[in-house]
Amino acid sequence: MAENVLEIRDLSLSYGDDDIVRNVNLSVKAGEILCIAGESGCGKSTLLKAIHGMDAINVTAGDIVYEGKSILGMPASERRRMMGTGIGLIPQNPQGSFNPLRSFGKQMKETMESHGMKFDRTEMVRLMDSMGLPDGDKLISSRPFELSGGMNQRVAIVFSLLLQPKVLLCDEITSALDVTSGKMVIHEVESYAAHSNAAILMVTHHLGIADRIADTVAVMNHGEVVEYGPVSKVLYHPEDSYTRMLLEKIPKIRREAVS
Amino acid sequence: MSSTNDVPVLEARDLVRTFHSKDREIRALDHVSVRLMPGKIMGVVGESGSGKSTLIRHIACLEKPDEGQLFCCGQEYTGRNAAFAGRHMQMIFQDAYGSFDPKMCFAKSIREGRNGRKGSDGKKAEDDPALLRNLLEKVHLDESFLKRYPGSLSGGQCQRMSIVRAVYSGARILLCDEATSALDVASQAQVIELLKELKEEYAISMIFVSHDLGVVSQLCDEVMVMKNGRVVEHGDCLEVISHPKEAYTRELLDAVMEVGDETGIHEHSHSDTPEWKETDLV
Amino acid sequence: MKKVISNKIIRKRARRRVYVIGALCVLLVLIAIFAKQLSPHDPNVTSALLIRRPPSKEYPFGTDSYGRCVLSRVLAGAGTTIFATTVLVAVTFVIGTVLGIISGYYGGLADTLIMRVTELFLAFPQMVVAIAVAGILGGGLKAALIALGVTAWTGYAKIARSHTLSVKNENYIAAAKLAGLRGWQIICFHILPNTLFPLVTNALTQIGTTMIGISGLSFLGLGVIPPQAEWGSMINESRAYIQLAPWAVLYPALATVITIMLFNYLGDAVMDLRKAERRN
């Protein structure tokens, strides 16, 4: 198998005076999907933000290594160039990352050109269509404030995929979506990983998603990884009591026994 | 429970509501009828914009329908105000914090829920400390919490408080609007258990609106599937979920991702590779 | 991390600013109340022998063209100006807020009526309406207050209405309706407590503007009738001989500027504090 594209070594993070994440070790290879699961406040989103380089988060110990190089020691300009095409992030709340008054097409073109890429309109329309956004041509010339939160979320995912990052960070990308469109989005992210040989780091509270697409799962609780391994082990033969609790408490669909 | 077991505690007949925006009309409710039998829990599922929340806001008289009738225990209450509906039914909201006045301590909010109105006998209900103590014990909240303000509790604790308020008010019908959707799995499981217990102990009937089929199937006796303001399928919960007749219901069920369902294991092996064009490769 | 710490500091600074400026404003009000005890002379006693004397030990701010002590008149004027402003702001705030909340909460016909009237008053510049009304009523402090009050309530009504609209759709209002509370009960117990703070803050920022309005009308001869001391009318009276006795204009003008600045700062400081608290 290939080298690890992204490695998190003994990472501890703090926000203000609070320690949020303690001694986390994780790694993803190209084409692999890692799901970080846990409940709200367990530190999973903070972890993603730290990888993406948000200023407010303090790295108190450890290292984040991308393609063999530590990204914590990188100069800011180099790191900025790497974001988007190297490491891409789909945020939980995409509204904040768009300019609400400029059309999607213009914003996408600008972003891609600043990364030295060519804007492919037909590809964008195709991606939108596969995520349940038909009539893409019209949508591209519309502006963010005209669309609902769920639609904006899906356009944000299209944006991130078009930049073709080698590592894609996804932060609760389906929480604003209905089940049917959520399924399409998950499907699209999964096929992106398979065909572009990209590594995916997906943060979710939804263990069903982890089971559906992940290769490895890390369960977090109170800032620590309590269980980490392949799906078949973590979700089907969990050893940690917290993981077992999570799995038990999910309301499963009750069906008549198949006779 | 009374002997009127065959009379629905709550009935809505042919509710219609149209919202007008600048350039178009939206049928939020399109001839929707509901019959809730005593002691039963009716689930209402659907995606956003299906009209499921609008439906219970109309039942609680917080909004007025264009057409249709509402009955409570056989008595018509169409066109009455929320104060009247509140004698019989209370709502539980998705945002537990938002359902309490941030400037009021829980004790005051909960008492207001019981004493705010005059009953049918023209008198205000008196405080019942024993009932309140019972309810708090039931939801595992200490009495000292009553002195606190909404911001100082967790989402799950706050939601349990709002259940205490609803039951303490004397209403025997609960209208739950995504009541567990914003909670962590552990709190969610706790609230579901709690609702089941209350249903038995206080003979409470419920309409439970949710997009989560898992929760609905765990809790509800009957289920109604809504799409674009219309009821597309309705029936016994287990029956509808096990043998859905409508394509839309099947689509909803298919989209649910569960740990250990067959599709999950199947897809997980990456045996069938989804389509991805040649040009997409870097 | 930077953000979190700076948030705390911002809040601390904002609070300190409110205390300091608030204390200065209280001092000003105290001076206005005890003006009589603090004045070295009777503000209304004229003397033909003391016309336009420059500032001296006995008359620290000099005297005006009637030989009256300018310091004593500035002190007496503080009472008039601050008292008139407080009354005006308080009355228009209560009327405007009540109308705004009724308009926002009930909507429908009440809303349409109140808002049309508000827009009618907002269509004319405030000072023009005030001059017209004060002219019709024929001068005097009472007339000036009515003239300014006629339009001043509209601003409070608009703001109260918009805050009410945002609170009205909260779930706890729905819960209160289901609890059987009547409209006025919901307004008193839920809407007022949750909107009052921003509304009062806004009223504080209006004190300075209102003061300018009162002094302005007096300056134009439509406010306080001489010989009652008021800063605007003092400036107007002494303006004619500004080359001979600049102190008679300078000191009431300085007092006006300082007072208006202080109250404006107080409004701003409270507003900043609110923003800082909200950020948490």
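All chains are identified by letter, namely A, B and C, in their written order; residue positions are counted from 1 within each chain.
Everything that follows uses one rule, which is that a residue touches a chain if its C-beta (ideal position, glycine included) is under 8 Å from a C-beta of that chain, and two chains touch if they have at least 3 such contacts.
Being a predicted model, the structure only gives us computed values, none of them experimental.
Q: Using CA atom means as chain centres, which chain is nearest the centre of all the protein shown?
A: Given all protein C-alpha atoms shown, the central chain works out to be B.
Q: By raw count of C-beta pairs in contact, what's the busiest chain pair here?
A: A-B
Q: By CA centroid distance, what chain is farthest from chain C?
A: The most remote chain is A.
Q: Return the distance between the CA-based centres of chain A and chain C, expressed in whole Å.
A: 54
Q: Between chain A and chain B, what is the gap in Å from one C-alpha centre to the other?
A: 31
Q: Measure off the straight-line distance from the CA centroid of chain B to the CA centroid of chain C, and report it in whole Å.
A: Centre-to-centre distance between chain B and chain C: 50 Å.
Q: Spell out the part of chain B that touches chain A in their complex, as residue ranges.
A: The touching residues are 47-48, 184-186, 188-189, 192, 211-215, 217-218, 237-239, 241-243, 251-261, 263-264, 267-268, 270, 273-277, 279-282.
Q: Of all residues in chain C, which touch chain B in the complex?
A: Touching chain B: residues 170-172, 174-182, 185, 189-190, 193-194 of chain C.
Q: Provide the residue numbers of chain B that touch chain C in the complex, in ascending order.
A: 57, 60, 62, 81-83, 85-87, 89-91, 93, 95, 98-104, 109, 112-114, 116-118, 162, 165, 169
Q: Within the complex, which stretch of chain A touches chain B?
A: Spelled out, the residues of chain A in touch with chain B are 39-40, 123, 126, 150, 164, 178-180, 182-183, 186-187, 190-192, 194-197, 205-214, 231, 235-236, 245-247, 249-256.
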